[in-house]
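For reference, the structures are reproduced in the following blocks.
Both complexes below contain chain A, partnered by chain B and then by chain C.
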Partner chain A sequence: MDVSCWDGTLSLNEFSRAARTFAEKWKIGNSAFPPWLWVNVPKRPFVASQQVDGFLSLENICLIRPSKVCGAEVSHLEEEETGFSEKEVAIDDATLVLSNHHEMHYYDFHIVYSASYRVPVLYFRGYYSDGCPLQLNEIEKDLPACSAKVLLESKWTFITQEEHPYLNRPWYKLHPCGTSEWMKLLFLGEAALAEKRVAIELYLVSWFSVVGQVIGLRIPIEMMNDRTN
Partner chain B sequence: MEAQKYVWEGAIPLQIHLNESEVTTLPPPPPALILAPRIGYLPLLIPLIKPHFAATLPPGVDTVWFDYKGLPLKWYIPTGVLFDLLCAEPERPWNLTVHFRGYPNNLLIPCEGEDSVKWSFINSLKEADYIISGNCKNVMHMSQFDQLELWHSVMNGNLEAYLRTSSKLKFGIVEDEYTLKIDLCSQKSRKTTGEVGMGGQMKTGKIPVRLYIWSVSEDFEDFEDMPKIDSWDKISYINQPIEIHREEGKCFTLHDALKSLMPEFLVDKSLIDEESFRLEGEDEQVILSEDLSSNRMAAEGREISCQSVESTCTSGAAEIKLVRIQGIEPKLEIPFSWVVNNLKNPEHFLHICVCLKFPQVNSLDR
Partner chain C sequence: MAKQERSGGSILQFSPFQSFVDEGFWHRLSSLKLNKFGIDDSPIAITGFYAPCSHSQVSNHLTLLSESLPCDESEQSSVPAISLGNRNRCSVPGILYNTNTLEAYHALDKKSLLKEEAKKIWEDIHTGKAVEDSAVLLRFLLISFADLKKWSFHYWFAFPALVFDPPVTVVELKPASQWFTSEEADSVSVACNGWRNSSLTAGVPFFLVCIASNSHATIRHLKDWEACQGDGRKQVLFGFYDPCHLPNNPGWPLRNFLALICSRWNLKTVHFLCYRENRGFADLGVSLVGEAVITIPQGWRDLQCVPNAVGWELNKGRHISRVINLAKSMDPAMLAISAADLNLKLMRWRAWPSLNLDELSSTKCLLLGAGTLGCQVARMLMAWGVRKITLLDNGRVAMSNPLRQSLYTLDNCLNGGDFKAMAAVKSLKQIFPAVEAEGVVMAIPMPGHPVSSQEEESVLEDCRRLHELVESHDAVFLLTDTRESRWLPALLCANANKITITAALGFDSFLVMRHGSGPLNSSNDVKAESEIALSGDMDSLALADSGGERLGCYFCNDVVAPTDSTANRTLDQQCTVTRPGLAPIASSLAAELFVDILHHPNGIFAGVIADSTNSGGGDQPLGILPHQIRGSLHQFSQMTLVGHASESCTACSSTVITEYRKKGKEFLLPAINHPTYLEDLTGLTELMKSASSFKLDCNNETDDDDDDDDDYVEL
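Let's look at the complex of A and B:
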C-alpha cells in the first residue's frame, strides 16, 4: 500500500500480524525484558473465528523512579531470583534508594486494538507490591520527567482513566484519537528512506517507539533497524 | 421524526433505596421515587436524590454509586440501556440501591458528578465522530459554548435544542437505501483508501454501535425465570462499528447488522460446518489461563485451539432470544437505517442489548 494514500490505521487482522512481529523483535532486541505475550480475548465464542481477537500483555514490570536524566531505568524483578542477573540493564545506584517510604511500583501494560479508531491503544495500570492501585499523580511521578511535561501539553498523548475493554476494571490509557495522524507522519518519514510502501507488520514497532517513550520503556535501536525480516 | 421524540421522552421509574449501612436514623427513610430519562445517566439524578437522604447520612465525603441486586452499576452507560440489559423482565418501578460511601474503586472508574458524565459523553461523541467521518474534527471544532449547549440539551431532555446544536456537527443521517443520492451510489463499502464524500469529509459509511450480549443455555418461558446477571463478566461488550452493505434492491436489515458483528452464529448450521474447515490457522499463539490477573503465563508455541472453540459451535447456531433497543424489541427485518436514525442515543451511538441462546455443549475436546 502506498504511504501517500494510507490513513494511518490498520485492521484487526493487520494488528494481529503486527503484534506478532513486534513481540518477536522485542524478544530478540530486548532480551533483558520479559516478552510481550498475546492474550486471547476470553469467553467470546461468537466473534468471527477468522478474526483473532486479543491483545498484547506485559505485566509485573517494575519502574524505578527516574533519575535526574530524562528517561527511566527499567528493570524486571523476578520473585524467585535473589538479585539482578547480569543480563539486566545496568542501574544507576543513585536511583535505587529504597527507603521504607519508597515502595516498589509495578505496572501492567496491555496493547489493545480499538475497532473505533482502528489503531492500537496502550492500556496500563500501576500498583504497589500488595496489589493496591496507584493513583494517576503517583504514576506521573514514575514517568520520565520530560514525558510528564509532554503529556500535559500534547494534544496527541494524554492519559485518561477508562474501563479496560475486556477486563471490567478501571485502567489508564493513552488516548488514541491522534494516533493515526502521527503514525502516518512517522511512516511518511520512514518511507523517504526506504520504499514507498507501508510495511504494516512494522506498525507496532514504530508505534511503540513513540508511545514507549511516554511511559519510559525504550526500544533499542536494533529493533528499529532490522527491516528485512 | 416521531420515534426520536418518544425516545427522548422515555423514562424509567426508579425506586431508590439508601444502602442499609448508611442509614443512621430511625425509622429509616422511605425510598426516593424518581423518573429517570432513558437517554440520561444515573449520576445526574444525584441532586434529586440526595436531599431525600441527606438527614440520615453518616458524616463524611460523598462518593455516590448505585447497585442493582448487588451489581455495581456502570455510571457511563445510559440509564435506559442499563435497564434494558439488567431487567430481562422489566421491573416497574426499578429498585436500585444508592450508596454515598465506600466507592468500589477497584471495579468502577471514579465519578465526580456532572463533569465526569459530561466528559464521558463528549468523549463518546468524539469516538462516534471518528467512526462516521474518519477524524474527530467535527467535535473538536465545535465551540465550547456549543458543546455546553449540546450537553445541556441532553441533561434537560430538550430535543429541540439538541437538534439545533447537533446539526452543527454535520454527522448527517443514514440514508435510506431507497433514496437515490449520487454520492451514495458512487461510494463503495470499503472506505479506507481515502475516498472523499460530501462536503470534503471522508465518509466511512460506518455506524457507531455498542452491543451488550449475554447468553443463556436453555429456553425460558418467562424472562423472569432467566438467570440474573450478577457480574459484568457475564456480559460481552462489543464496541465495534457496523458497516452498512448496500446491495441492489435488498434492504440492509437489523438482522444483517447483527450478523455482521456475530457472523458465524446467526447462520445455518450447515454453513458453520463448512466454515470450520476453512479456518486459517495462526501459527504460534500463546494460550493463557482465563485468570488474566495471574502472572503465570503459559509456554509459547502451542497452536491455538481455535478448532476446539469452533467445535463447540458447530453443534448448532446460536438463537437470538431477545434484542432490545431503547426499551423496544424491534423486528429484525426492519431496515437498519431506520433503527439507527430513530433509536440512537444523543452521543450518536446505537446501544443494542442482545440475549443469545447457545445450545448445551458437552465438552471442548474433539
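Let's look at the complex of A and C:
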C-alpha cells in the first residue's frame, strides 16, 4: 500500500499479524524482558464477528523503588491497631524477619486493538507488591524523565483512565486519538529512506518505538532496523 | 541472618511467604458477597497460586486472582484468563473466612483458626495425602472483611508452618552450582526444565532429585521415594519450588516439607534443593542446596499430637491486619467522576487549550426556576463540569411536566407532586453523584402582587433570603415563567454585580441574554475595574457611572432596544404553550454563553467583541460574546443584538439600586405593593400597564395546573 494514501490505521486482521511480528522480534531483540503473550478474547454471544479477537500482554514487570529512609513512611495501606495479644507467639526463631523493605512496583501492559480508532492502544496499570493499585500520580513518578516531557508537549500523547475493554476494570491508557496521525508521519519518514510501501506487519514495532518511550520500555535498535524479516 | 545456637549448625531460618492479592480477587469477592453469599459467612475454599522465584532481587508471592474464588457454572466467563498453563501458576489450596462485620473480623480466634489449618496439614502428612498431592503442604488461611460501602477490604493471611522444637539447623547452604559437579549441574538443569515444561508435572511443587553415580539426574515424584533407595543412587535431594530469592535463606515451603520428610521417612539429615529460575529456565546459580539436621521432636509419630504452628503474615514487620481501599476503581460514583473529568480534559486537549476546568467546577450557579429552562440549563451546566448548582422553585411537578422538563419522571408527579426544586436536585444526583446540588422551595416576591400586612414579614424574609442566595453564588440564571418574577432577582444581581443570564420563551421565539454589570461599585469588583481602566480597553469600559456604556439588563431592553420591534413580535399573553424545541435551544445557548463569559478576561464587564483579535490575550475560539441572542423557529433564524443600560431601568439603574441599598424594606414593600412606585421612582409607565394583566398569570401559577409547565413570557 502506498504511504501517501494511507491514513495511518490498520484493520483487526492486520493488527493480529503485526502483533505476531512484534512479539517475535521482541523475544529476539529484548531478552532481558519476558515475552509478550497473545491472549485470546472469548467470543461474546451477541457479537457476530468471525475474526479472532485478542490482545498482547506483558505482565508483572517489576520496578524496584529505593526504600524510604525516613521513619514516617506513608503507607498505602491503612493500618489497624488490633493484632495479636502479647501472649500469643506469632513468629518463631526459624522465621526470618527482614528489616529492610524495598518498595516494589509492578506493571502490567496490554496492547489492545481499538475498533473505533482502528489503531492499537496501550493499556497499563501499576500495583504494589501486595496487589494494591497505584494511582496515576504514583505511576508518573515511575515514568522516565523524558516521558513527562513527551506527555506535556505533545498534544497527541496523554494518559487517561478508562475501563479496560475486556477486564471491566479501570486501567490507564495512552489515548489513541492522535495515533493514526503520527503513525502516518512516522511511516512517511521511513518511506523516504526505503520503499514507498507500508509494511503493515511492522506497524506495532514502529508504534511501540514511540509509545514505549512514554512508559520507559525502550525498543532495542535491532528490532527497528531489521526490516528484512 | 542465622542464629548461632549449638555447634553443628545454626538455626535454619526460612523466609516467610508474601501475599499478593490482585484487584480482581476483591472485585469477584464483592460480587459473590452481594449476589451469592449474602450474609452467609461459612468458610470458602479458595486457590492460591505461586511459582518458583524468577528474579534475583525479588521474591515471588502467593497470589490470589479472581480465579482463586470458586467458579459458578452459571456465570458466563467473559473475562479471558491469561493462561500460562500451570507453569507459573502452581495451585495451592486455601480457605477464606470472610466476616459480615468489622467486629466479627477482629473477634475471629486467629490462634485456633491457624491450629485448625495446621491440623489439616498434619493429617495429610500422616495419611500420606501429602505425598500424593504435595501442594497440600502449602495450605493457607485468609481472613477478611469486605466493606462494600466504603470499598475497603481488611485482610490477613496465614501460611501455617509446623514448628520444630528444637529447631532445624543448617550445616551447609550454598548455590546449587557450587554443590554439584558441572556434569551433575547440567543434568539437574535439564531434568528440572523437563519437569517444568511438562504439563503433567509443572504444577507439582515438591519432588525428588535423584543423581546416579554417572552424574545423571532424574526428577521423581515424592511417592517414588522407596523406589529411589539403593540402586547405586549417589544422592537424593528433596527439591521444591522456592519463591524466595535470598542467597542465604530458603523459602517457607521447606518448613512443612521437612516436617513431611522426617515424619514419613524418619530422616535426620536432609539434603534439599531450593529450585529457582531465571527467564523460564532453571538457574543453579540462584538455586540453593543445603543440608539440614533435624531432631525429630517427641510425639511426632503420634497423629493426635499436633505440633504448634506459626505463620500469620507480618505487615511491614508488625502483627497487624492489612486494609486496602479500592474506592477509586470500584466505587461507581468515583468512576463517574473520572469519566466526566476525562471528557472535559479531552475537550481541552484537543480543541480549547485555555478551557478553565477549575473555574467551571468551582463556580456556584443559582438557577431561579426549575421548569423547562431550569432543568435543561442544569443538565448543560453539569455537562460543562459545573458542580455547584442551586435550584429555586416553589412549584410542584405536574403531570404534564416530565415531557418537557427533563429532570422529572412520572414518579415525581404522584401524590400531589414532589416539590420541583427537591425533585430536580435528586435527579441531578442520579445523573452525576458528585454534583453538589441544593434545592430551595420558595416563591419570588413580585411587583404588582400586593401583600397583606400579615404576609409582609414572610415576604420580606423571602426577599432577604433571595438577597443572600444571590450574594453567595457566582452566577445567576433567571429562568422563571413570568416577567415580574425576574424583577427582584435582576435588581439583586445588579446590586451584587453577579454574572446574570436570562432566558425567556415566546411561542416560537426566544431570548437569551447576559445582563451588564451593576451601576455601582461593589467591593469585589474594585480590582477588576481598575485593571480595565489601566488597560485602556475602550470596548470594555462598561462601567461608567453615567451608565451610558453599561450593557443592559432584561428590563432595560424594553425601553431602549429600538431594533427589537421587527423581530420581537408582541406575543399573545394568553397563550401558554411554546414549541417544545425552544426550551432546549434557549437553555443550551444560555449555558454556552455563560461558559464564554467565564473565560472572558473581563467577565461581567466584557463588552461585545465583534472579532476575535480584540480578546485581551486568551484563546476565544468562539469569537464574539454577544449581549442578547434572539431566535425564532418561525424562520429558523437567530440574531445577536446589543442593548445598553437604561438610566430609567426599574431593575438596574443607579437610582433604583441606591434606593434599595439605602432603604431596604422601605423600598421593597412599596415596590411590591404599589404599582406606580417604581414608575414614579424611575419615570416609567410600562410596568404599570403589564402589572394589571399579570394578575391573571398569578392565579395560574399558584394553582399548579397544566398551564404552568411552559416558561412563556412576553419578550
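What we mean here is this: the second predicted complex is superposed on the first by the 183 of 229 C-alpha atoms of A that agree within 3 Å, B and C clash if a C-alpha of one lies under 4 Å from a C-alpha of the other, contacts with A are read in each partner's own complex, and residues count from 1 in each chain.
Keep this in mind: a contact is a pair of C-beta atoms (placed from the backbone, for glycine too) under 8 Å apart; a residue touches a chain by one contact, two chains touch by 3 or more.
Predicted, not measured: the structure shown is a model, and the values here were computed from it.
*Asks:* A:Trp38 contacts which: chain B (first), chain C (second), both, neither?
*Replies:* The first partner, chain B, only.
*Asks:* Scan A:Cys62 for contacts with chain B and chain C and give back first, second, both or neither.
*Replies:* Only chain C is touched by A:Cys62; chain B is not.
*Asks:* Report for A:Thr160: first if it touches chain B alone, second if chain C alone, otherwise both or neither.
*Replies:* In the superposition, A:Thr160 touches chain B and chain C alike.
*Asks:* After the superposition on A, what does A:Tyr117 contact: first (chain B), second (chain C), both or neither?
*Replies:* In the superposition, A:Tyr117 contacts chain B only.
*Asks:* After lining up the shared chain so the two structures overlap, which partner does A:Met104 touch, if you call chain B first and chain C second: first, second, both or neither?
*Replies:* A:Met104: touches chain C, not chain B.
*Asks:* Using the superposition described at the top, determine whether chain B or chain C touches more residues of chain A.
*Replies:* Per-residue touch count on chain A favours C.
*Asks:* Give one of first, second, both or neither to describe whether A:Ser129 is in contact with chain B, with chain C, with both, or with none.
*Replies:* second
*Asks:* Go through the superposed model and pick first if A:Asn168 touches only chain B, second if only chain C, both, or neither.
*Replies:* In the superposition, A:Asn168 touches chain B and chain C alike.
*Asks:* Based on the superposed arrangement, let me know which partner A:Ser16 touches: chain B (first), chain C (second), both, or neither?
*Replies:* first
*Asks:* Across the two complexes, what residues of chain A are contacted by chain B and by chain C?
*Replies:* 37, 39-40, 42, 44-45, 57, 59, 133, 160-163, 167-170, 177
*Asks:* Given the complex with chain B, which residues does chain A contribute to the contact?
*Replies:* That would be residues 5, 7, 9, 16, 20, 35, 37-40, 42-50, 52, 57, 59-60, 115-117, 133, 160-163, 165, 167-170, 177 of chain A.
*Asks:* Provide the residue numbers of chain A that touch chain C in the complex, in ascending order.
*Replies:* Answer in residue numbers: 31, 34, 37, 39-42, 44-45, 54, 57, 59, 62, 64, 73, 75, 77-84, 88-99, 101, 104, 127, 129-133, 135, 155, 158, 160-163, 166-170, 175, 177.
*Asks:* Write out the stretch or stretches of chain B touching chain A in their complex.
*Replies:* On the chain B side, the touching residues are 74, 105-110, 123, 126-127, 130-131, 134, 136, 192-194, 202, 208, 213, 232-233, 236-241, 262-265, 275-276, 279-280, 282, 284-288, 290, 292, 295, 297, 300, 304, 306, 309-310, 312-313, 318, 356, 358.
*Asks:* Taking the touch rule as given, give the residues of chain C at its contact with chain A in the complex, in rising order.
*Replies:* Spelled out, the residues of chain C in touch with chain A are 1, 3, 11-16, 18-25, 27, 55, 57-58, 61, 64, 76-80, 82-84, 106, 110-111, 152, 154, 161, 163-164, 167-168, 246, 249, 255, 279-280, 308, 310, 312, 314-326, 328-329, 335, 338-339, 342, 345-346, 349-350.
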